[in-house]
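Pasting the structures here.
Each of the next two complexes has chain A plus one more chain, namely chain B in the first and chain C in the second.
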Partner chain A sequence: MEEFATRLFVLALFLFIFGAFSALCFSRRTKWANVLAHCSSSLGGLFGATTAALVLSTKHPIVVTAWTIMPSVVLRFKIDMLSAYFLFVVSFVTIAVSLYSLGYVTEYYGKKPIGLLGSGLNLFVLSMITVVTVDHSVSFLIAWELMSLLSFFLVMTEHEKAETRKAGYVYVVMTHFGTVFIILSFLTLFFFTKKLDFSSFGQTAAHLPASVKNIVFLLSLIGFGTKAGMIPLHVWLPRAHPAAPSHISSLMSAVMIKTAIYGLLRVNYDFLKSGATWWGAVVLGIGVLSAVFGILFGVAENDMKRFLAFSSAENIGIIFMGLGASLLFRSYHEPLLGALALTALLYHVLNHAIFKGLLFMGAGSVLYATHTKNINELGGLIRRMPWTAVLFLIGGMSLAAFPPFNGFISEWATFQSLLHLSFSSNHPVWKTAGGLAAAALGLTGAFVAGGVVKQFGTTFLALPRTSRAAKAKEVPLAMRFGMILLAGGTVVFGVWPGLVLRMTNRIVENYFHQSLTGHAMLYVPFHRSVESISLGWMTIIFFVLLLLLIALLRVWVGKSNNHYDETWNCGTPLVPSMEYTGTSYSHPVLMIFKRLYGIERKVEVQGEYVYYPKRIRHRLKTEAIIETKLYRPLIRGTVWLSQRLRAIQSGNLQSYLAYMIITLIVLLLWIR
Partner chain B sequence: MEQWIAMLLLISAIWLLQIRKISDSVPILAFQSFVLALTAGAMWYETKLSHLLIAALLTLVVKAMIIPAILHYTIKKIDVHRQVERVTSKYTSLLMAIILTVAGFYVTSRLHLPSTKFGEPYLPVSITLVFLGAFIMIDHKKALMQGIGLITIENGLFLVAQSISYGMPMMVELGIFFDMLVTVVIIGILSLRIHSTFESLNIEKMSNLKG
Partner chain C sequence: MFLQAVMIVLLAPFIQGVIKKTKARMQNRIGPSIWQPYYDVIKFMKKDAVLSHHSSWLSIVTPYIVFVSIVTAGLFIPTYTVNNDWNFIGDVILVVYLFGVARFFTALTALDAGGAFGGMGSSREMALSAIAEPALLLALFAVCLSSETMKLPSLAVSLTHNGWDWFTPSYGLAFFAMLIVVIAETGRIPVDNPDTHLELTMVHEGMLLEYSGRYLGLMMWAAQIKQLLLLSLFIHLFFPWGIAGGFVSFLLYVAKLLALGMLLAFIETMYAKIRLFKVPKLLGSSMILSLMAILLQVFA
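Let's turn to the complex of A and B:
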């Protein structure tokens, strides 16, 4: 069985390489390149997911040594339980996205080199799979850098737009900023363990002095946090994701930012193994910040893909909350609760990958059909694109954590762990923190629901606001199929959480020696005397209550009678400009959090008498507060410092020679 | 004996800093390279290592004859019989040279480099040659003198290699000689170019190129 899984994995890797090369070879024939690239990547994804499932079910890690780059620097794939889980996430989303891409890239026929695009997608997925499966820090960093660069090139697909170029620039700067910290954290580990491979890190890093561990933790948190898009290092997310082609932003948002979570788990659970209490608090704090602010910025957005990007920052916040709680429980030696929090975060990783992939594909479908992302130019699409509408709604409900979709289960588990933190912890500080974090998560959930209603309602309901929306047609079958696959995932993983628990248990057992069986996720925390509730029974009771209610109403009110008529409209014909816009829907939120958005509002009424205006102009300007208040001064300071440093660049040959000789003499003196 | 040869090398390097006309530098350089060839020859005589002989002959032919000839030709062509221009005054540069010499001897005494029996006396001088060569490049403003400083540095490095391990492997030695030759040819061509573009060989004017 192990042999079989190994072969399957190698086959998957070769399929991606084949996809990349064949797409390049057939770049003259766009159709062939499209079919070859995306069929092989979806097949590769299928094999990858199967491998992961096999490894998780048999509990036997598989090892493939691919290339000895140097003695002691080896490109070796080692799929242990954690890797297998993330491999599953990557591969599963890849299957759906590849199918979707088959249809989506037809949009680019004749405009963009399809061969390059398809080959880039294959290599991008390959690099992500490599990141989550290699077990050597050097090959990890190479794969990580490849992943960043490939995604940068894919983001730059529509490079003729100035906006895209700016997005790509911000992305590449931020991603390298993060990589520096990751390299530093690995170098610190290397400095103290004298080895570069992950297994040696795992054996020796746990016994390092506490100060070194703190440094490694902080460096890895900043490094991976940048990639994950935690606030305030999220600035690249709302730029790069909308700029990329939709199938790429779907991959980036659903999967790529999860590789950062993988890195954090690897460092915290495999290498460091134990740590100070404040680690958990820091991660929890960042999580709360990311979740609340991420969605607050998201709600204000009228650009569909920007909203989804901000919501990715929010979901990373939720995952960080789980991680923080888990680290706190670990430091207080509460294995069962730590296991619960870890499960919650792993589950949310999978769920977010699925529904965010689905939502980005939905936004892509709308873009494909209407060529706009601005929801205020859309409307009425539910009649024109019913499939997309329903699938987007499923994704949105899952995002807003509605049962029975999968987002509910993982957010529920995160709630549980936060409440446990507040009920079971003996320390008053953590009790308060847990309660507040749970409240923040509730607030986040409310805003997410509001944001989803805004996006869905403005895009799909009522009358089309522009001719673009009026002329929209349903997207091709391949795209619908890709979305259906992930929508199926949201339902399956929402209704049968046991499927995922079986996978996450393998990881959790390794780190906490504790497994969550049965309905442990649904324990209600009331100070130790835990009471279990059963999801199956809950569903049945819910439906019974619903039926009873309907029956009761029928008895009370009698048969409902409907009367269809036109909407009253003051006697004028119904026009789309009467509709509630996306901007007006989120306006109250903007007004409540005025300070946060830095709002500049201008209302101009034209006409002689104010109650009968001829024309009203309403202008609303928001500014990205984090960028103006945090990044601008930083950038200005850096530029100022660089200009001062530039003084040594005189352009004079002799002074350069003098620098060199002085350095040489100082080095020779210093060496002994 | 070795001490005297080392002394000659040192004097030639300091002399290069003190010249009045650019054309004076060429015979001094040829003299320096000639002494260098002598040291290699002497080492060959003591150790009977055949590659030292080849190195000595090559030094004699390439550094003491061909390179000075090219430099001489260049100087004649662009007709710079004028005085050299320095950043510092003549006496300051002498002071700097003495300081650098002391630094070279001090650094070598601290480093405890592994050196061969016959090469040991040359080690401090060789490092000092590197320093002085760099200082020649820094101090002089005429582009041609940069090339002469570079060759002095190269001579110093050659001597370091000889005194530590009786020279580098033959292949490396040959490569360096070839590089040197090409460098001098390029310096010659570039000097002509710079002269024809700027009507001067003063490299300070090259900072005009800075963006």
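Let's turn to the complex of A and C:
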């Protein structure tokens, strides 16, 4: 079995390489390049997912040595339980996205080199798989850098737009900012362990002095947190994700940011193994901030993909809440609760990958059909694109954590972790903090629901606002199929948690020596009480009641007699400009949280008499306060400092020689 | 289980009728009969429905989903008896999110016909609910903190067994916090006016404007059931006496419901509706009360 899994994994890697090369070779023949690239990547995804499932079910890690350059320099893949879980997440989403891409890239026929795009996608997925499976810090960093660069190139696909170029540059700067911190954290580990491979880190890092561990933790948190898009390091996220082609943004948002979670888990659970209490508190705090602010900025957005990008920051916040709670439980030696929190976060990693992938594909379908992602130019698409509408609604409900979809079950587990943080702790601070964090999670959930209603309602319901929306047609079968696959995932992983728990349990067992399982329900035995949830049963009850209601109404009064007429509009005929727009929909929220959005509102009334105006101009400007209040001063400071430093750059050869001599003297003095 | 479903469905219009009657008497009106909500529901079910040309299948499906979601949520709220058999399916978080499903579909379908009134109600509802939800969770948490579970049936048991005392200050604060949330969630004055169709003030009614016939009937009935459930939740958290089961506790339960309903009617008569943008402050004060209740419990 082990050998079979190994072969499958190698086959998957080769399929991605094959996809990349064949797409390049056939780049003259657009159609061939498309089919070759995306079929091999979806097959590769299938094999990758199967490998992961095999490893997780047999509990035997597999090791593949790919390339021995020197005895100490080896490219080796080692798939242990944690790697296998993330391999599953990456591969599963890749299958769906590849199928979707088959249809989606036809949009770029004749405009962009399809061969390059397809080969980029294959290599990007390959680099992500490498990131989560290699067991050496140097190979990890190389793969990490490749992942960042490849995604940068893919973001720049539509580089003729100035907006895209700007987004790309912000992204590439931010991702390298993060990488520096990751390199530093690995170097710190190397400095103390004298080895570079992960297994040596795992053996020795746990015994390092507490101060060193703190440094490693903080460096890795900043480094990986940047990639994950935690607030306030999220600025690249709402820029890069909308700028990239939709199938790429779907991969980036669903999967790429999860590799950062993988890194954090690897460092915290495999290397450091134990840590100070404040680690958990810091991560939990960042999680709450990311979740609440992420969605608050998100609901104000009228660009579908920007909303989804902000909601990725919010979901990373929820994952961080689980991580923070599990780190806290680890330091308080509460293994069962730690296991629950770790399960919650791992489950949410998978769930977010699935529904965010689905939603980005949905947004991509709308973009494909109408060529706009500004929801104020859309409307009425539910009649023209019924499949996309239903699939987007499923994704949206899962995003808003509504039962029976999968978003709910992991959010419930996070809720329980936070609540039991306060129930189990004797410390007054944690007792209060747990409840407040749970309330923040509730706030987040309600805002997401509002955001989804706004996005779905303005895009898909009522009358089309422009001719583009009126002429929209349903997207090709391949695109629908990719979305259906993930929509199926949202239902199955929601009502049948046993499937996922079997996988997460392997990881949880390793780190907490507690088993958290369930079949039709998520079931957590506690010291004093038993918490459980069964969405399967809830769904059955729901449908039984629904059938009873329908049957009762049929028997009692018969079928409803429906007539169709105009929408009530105070007697005047309804025109699209009368509909509520996305802007007006989020207006109450903007007004309630005025300070946060830094709103500038201008109303100009023209006409002789104020009550009978001839014309009203209404302008609403919001500013991104994190950028103006945090980043701008930083940038200004950096520029100022560089300008001051320029004073010594005189361009005069003598003065440079003088600098060198001064440095030499100082060094000699220091060494002596 | 299904007995409870039938009970809450049938009892809900009665409570609504009593509240309306009480309100009418306090305003020196005769008011409609307390059975009027039943006549309304029956009448709506038999009427033909008028739908908008622009609406989609959502307009037809939503009333059913909303109604059934709320009844399903009702199965996890103990009323006059504690049924532990179905305890494993879910807890109060599931209840909150099932109410969320109902609200989500109501707000979504309000945009379906394209009228501005629907959008107005929908956007207000979602903005206010975003603040009401953490307030509800905090108030629940303030009560649940001592019994260490979010399972409602276990909550009553531990509340009554652990020397439950209404007169602890923490409980009193949580009581007022929860009362504010119940008023907000049932859409009553001072948060929303259930009797008006004036576009400047309406929230929930604005979303129901395009419904008619059976669909309107289901939506209104669902709102009444939700009101009953929130009152039951309130009763369960603060007055869980005599929940042993049986006919006597059923009568006691109805009596408690009526008392609470009259209290709501009283508040509604005494106060005027406040401005929309003042509502977050009201809910904020509820959150601060809950927080104080939690702090009192934690540090005492």
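To be clear about the criterion, the second predicted complex is superposed on the first by the 604 of 672 C-alpha atoms of A that agree within 3 Å, B and C clash if a C-alpha of one lies under 4 Å from a C-alpha of the other, contacts with A are read in each partner's own complex, and residues count from 1 in each chain.
Going forward, a contact is a pair of C-beta atoms (placed from the backbone, for glycine too) under 8 Å apart; a residue touches a chain by one contact, two chains touch by 3 or more.
Keep in mind the model is a prediction, meaning the values are calculated, not measured.
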First (chain B), second (chain C), both or neither touched by A:650: first
First (chain B), second (chain C), both or neither touched by A:668: first
Partner chain in contact with A:95 - chain B first, chain C second, else both or neither: neither
Partner chain(s) touched by A:658 [first = chain B, second = chain C, both, neither]: first
Partner chain in contact with A:442 - chain B first, chain C second, else both or neither: second
Which superposed partner A:463 touches (first chain B, second chain C, both, neither): second
Contacts of A:475 with chain B and chain C, given as first, second, both or neither: neither
Chain A residues touched by each partner, larger count belonging to chain B or chain C: C
Partner chain in contact with A:550 - chain B first, chain C second, else both or neither: second
Shared chain A surface residues [contacts with chain B and with chain C]: none
Sites on chain B touched by chain A in the complex: 87, 103, 107, 110-112, 127, 130-131, 134-135, 137-139, 141, 146, 203-204, 206-207, 209-210
In the complex, chain A residues that touch chain C: 380, 382-383, 397, 400-403, 408, 412, 415-416, 419, 422-423, 428, 431-432, 435-436, 438-440, 442-443, 445-447, 449-450, 452-454, 456-458, 461-463, 521, 523, 528-534, 537-538, 541-542, 545-546, 549-550, 553, 556-557, 560-569, 574, 576, 578-580, 584-589, 591-592
Chain A-touching residues of chain C, taken from the complex the two chains share: 5, 45-46, 48-58, 60, 64-65, 67-69, 71-72, 75, 88-91, 93-94, 96-98, 100-101, 103-104, 107-108, 111-120, 122-124, 126-138, 141-142, 144-145, 148-151, 154, 209-210, 213-215, 276-277, 280, 287, 291, 294-295, 298-299
Complex interface listing, chain A residues touching chain B: 649-654, 657-658, 660-661, 664-665, 668-669, 671-672
